[in-house]
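Here is the structure we will look at, set down as structure tokens.
Letters are used for the chains, namely A, B and C, taken in the order the chains are written, and counting of residues starts over at 1 for each.
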Amino acid sequence: MFFNIFKNQLKLGFRNKSNVFWTLMFPLILGTLFKITFGNIYSEYTSDAIKTAVVFETDDEDIRNNTKAYLEGLTMNDHKMLDISYMDYESAEALLKDDEQVNGIISVKNDGRLSLDITSNGVLSTIQETITTIYNQNVGLIEKVAAEHPENLPAVLEGIQKRAEYIDTHNLAGDNKDPFVSYFYNLIAMTALFAALTSLRIGNNCQANMSSLGARTNASPLSRMTFQAAAFLAAYIVQTAIIFVGITYMLFGIKINFGGDIPLVYFTTAIASLLGTSLGFAVGNLGSFNLDKKESILVGLTLTGCALSGLMYGDMKVIITEKAPIINKINPAAVISDSYYCLNMFGVGSRYLMTLLYMLVISAVLITLGLVMGRRNHYDSI
Amino acid sequence: MTVFKAFFKVLRKYKMSLIMYLVISLGIIYILSSFNTKGNASYYRVSQGIAVRDNDNSEISKGLIEYLSTINEIKNAEELTDEQITDMIYYTRISNSLIIPAGFGEAILNGEDASMLKIESTKNAGARMGYSVETEIDSYLNLLSGYLEGGFDMAEAEKLTMEALADNSSVNVIAEVKVEDDKLFTMFQMLPYGILTMLFSAVLPVILRFGTMLLKKRSDISSTPAYKRQISIALAAGLVSVFIVIALIALASVLAKEAFTGRWWLVVINVVTLSITVVMLLVAVSNLNMKPEVASAFTNVVGLSFSFLGGIFVPIEFLGSGAKVIGQFLPTYWYSEALTRIKADGGFNDILNCLLIQLLFGVMVMGVGLVAGRSIQKRTA
Amino acid sequence: MSETVVEVKNLVKRYKELIALDNFNMKIEKGEVFGLLGPNGSGKTTTINCILSLLDFDNGEIDVFGEKMTSQRYDLKKRIGIVMQDVAVFEELSVEENIDYFCGLYINDKNKRKQYVEEAINFVGLEEFKKFKPKKLSGGLLRRLNIACGIAHKPELIILDEPTVAVDPQSRNKILEGITELNKKGATIIYTSHYMEEVEQICTHILIMDKGKNVTEGSAEELKRSIKNTENIIVYIKNLNDEHVKAINAINHVYDVTYMSGRLEIKCAGGRHNISHVIDYFASNNLDYDRIYSELPTLNDVFLEITGKNLRDKE
């Protein structure tokens, strides 16, 4: 009996084409869009040299050579920091103002100092600013020492030459440090929760007062528990299959690096799917609303949850962590995306396992809620 | 009139989703404006957060921290767990986590080789921001030890170093983009998401419900001619749209505490233009004979994708180059662009282009939709 | 000795203010085709839902197969087949799969089920539509599918709740024949309807209900015999004045005359040979009529005479 229900519920789930189609649309369409939107930001951010125009306003060969050597010698992460073109000021200004062909103009003045023209206060400009300021500061240091303690000048010059490094740099641990990947975490969280449209129907299909199918099932010798268990399992498999298609597309189709072992990413997804199925099951058993209303409730919960975990605005999750951490603990979307994040940043450790446990606990709570709400066998009206 | 009234009756069925999108849109806007004191998101954050653990507590380490605090927001690392710090670096809330070792100041004073004792800095190698903090530290310490070596005493050296570092007269900003917190723009930046989702969820399913084949056949044989029904539906949909847009503008203005100023009018013109475009898009989509159940999923996909590609959630500057190209075909992109221009004190003439492109998008999509709709109808008839 | 399959005693069901069932009593014997007849809203479906334990009721007792029925009595439910008023099938499953699904709620044995499903399909005549999805079926075929889903597991008691609503005459006949056949094979049938012709045609015992009460019951013959009315004479005739109507009303055995838009209806008691008196009257008064015929009373007349209103407003 269990198997028969299970088999048929499985068919029902997979044949509900518009459900399957639209649930898949999220990872496919939005995933592709996210890839286009964020895909290059990180690499553009980390690997490209900053386009800079350099204008000489002095004919002093020494100054020219010194500055040239300094600017071209700057490196970051083993590549040049600046991508320099030499030109006159007019053409440089045109490039700066039009379409941001260069990010800033460094002018070399007669007194040996540098000046910087920029259009905005972005990160790139800050770096250029630092470069010119350091240079000018050293020029100032040399002038000051030469004027007041000329005897110490050689030692100071030597110090500038050496330019001591006071910093021991460590890199953040973690597999994929691109914060934009969390948009994809949230997208999968959204897919997992939207897939719950399948398990949402269980409630209505077994309550006599919700649908004629429910009444029909109630009139049969099938126990409520058997029906719910079989239908839940079927819905779980349908939903997991949908999300697996979505995550496979992300991992291999548009090549998103989720961070962490791929089998573990799938494992996390399977647990996330359980959470989604449980949410749908709970909402589906919620009172005697019709299916439309329950769908709205589910969509509302999902979107609000995803908004709070940063689907629309990436920093949202951190803001919530700081201001109201409890929300991140009970928001299914946040719990799901946090699990991927922990797998990525901390690997299989206590924190990742905790997120899995959280998902299981929330699932258990939701399933219990659903069972309690859907327990009744008596109806005042149909 | 019957059709007109029926529209609102059917609309009542969808009030839940309307309220939901209103809450989400306003929620995001509100949280952004109240929690984010730094204005326009982390992307612009030139002044960064740093977590510092000072195990040295020497004059030099204190001076360094004081200097860093003039440019960066300092968080005491002792109050944070390692995992919290990792989270903050990952989500770019802070750029670096610094640990100043004990005896660091003394080592510098004694002119010892600096490689002996170093400040431990953890950062995300991918983010340039972390790099610039390290540069600031290196600059400060190099300059300070330069002055110390040059024969100045501690107090003098610190003063000269601070002066030199504070002097940024070498930087000229041409056509600066305002960075400071400007509530008006924060509020209206995200509004298109609300407009898209609310107009779509208020109007689309209702129109589709009317178009459902059964209903259509039933009303086709009724005594009200087809064009009259369509005009009624259009009027009702228009009225609902106007109401939603006015409500959103009003709410955003109240939150921004700004209205009826010159730039406010420009922003509102921009919003109205986008809304008209969205309505035209709606007309196109409602012709495509979609099932009413699909409307909510469709609304979601359109709302999110238009918002992302149009620079609503993430500023245009930070979109990948591919996204920028695609974005230019969307009205939301030009909405953001117009907003940026208004922000840079642009006038009506400066944004006129952006407005016209939005409308052009609407007209084109509506044209395509009507033609496609006609052929679909012929096929199913 | 006959065996009681369903017994309903003093059943009371209230929906807030409205009393849906008012001390309703009913007893169904094994082998009967039991017709539950009543206008819309008389409480037929509520009675069925109470028997199936889908609905709570406020007072009374229900025994099925001699035992107290509750929602947990899966052993009793197993012996019942139900065809709901609303079509209850899955859009996503084909005809065959739907029947298999519902049959599977009762029958575990796969081979047995396969055979039963096959038989049910043949029984309702959907052989050609096995692989069709419900959406592709016409209203009549859909109803037949609905029936097949309810009876495939060969239950001892079959409850059909208005199975012929909105069904074309051809499908309707097919359905009615089928029900009679099921009965011949040994199933006890409860059949609710507001179509009195159907009930009259197939039911061995009829209970007429109204406003949640048992109005009267018996076989069709018994019911008709129990009332005053024995013959209805219908005349299509123009230009009849009040004098004539009065005069006709005075003819022996005639107790009620209505004349509306050219249709004269004469209700008579005391036998079935009153038409000659009416014809004589027209002849002697030189009145021409278009058509005249005599009808035996229907269940509607039974209902009309007891409650003072028609079973249905029109049709």
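Criterion: contacts are C-beta pairs under 8 Å (C-beta built on N, C-alpha and C of every residue); 3 or more make two chains touch, one makes a residue touch a chain.
Bear in mind that the values here come from a model prediction, so they are computed numbers and not experimental data.
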Mutual neighbours - chains that touch subunit A and subunit C alike: none
Highest contact-pair count belongs to which two chains? A-B
Chain located farthest away, centre of subunit B as origin (C-alpha): C
Just give me the whole-number Å value for how far the CA centre of subunit B lies from that of subunit C. 66
Could you work out how far the Cα centre of subunit A sits from that of subunit B, in whole Å? 15
Sort out for me which residues of subunit C touch subunit A in the complex. 15, 49, 52-56, 71-72, 74-75, 77-78, 80, 82, 84-90, 92-93, 97, 100-102, 104-106, 108, 149
List the residues on subunit B that touch subunit A in their complex, please. 13, 16-17, 20-21, 23-24, 27-28, 31-32, 35-36, 41-42, 44, 46, 83-84, 86-93, 114-115, 118-129, 131-132, 134-139, 141-143, 145-147, 149-152, 160, 164-165, 167-168, 170-177, 179, 190, 193, 291, 293-294, 296-298, 300-301, 304-305, 307-309, 313-314, 317-323, 326
State the interface residues of subunit A toward subunit C in the complex, per the touch definition above. 1, 4-5, 8, 11-12, 15-16, 208, 211-213, 215-223, 377-382
Which stretch or stretches of subunit A touch subunit B in the complex? 18, 22-23, 25-26, 29-30, 33-34, 36-42, 44-46, 76-77, 93, 96-97, 113-127, 129-130, 132-134, 136-138, 140-141, 144-145, 148-149, 151-153, 155-156, 159-160, 163-174, 177-179, 182, 194, 292-293, 295-297, 299-300, 303-304, 307, 311-319, 321-323, 341, 345-346, 351
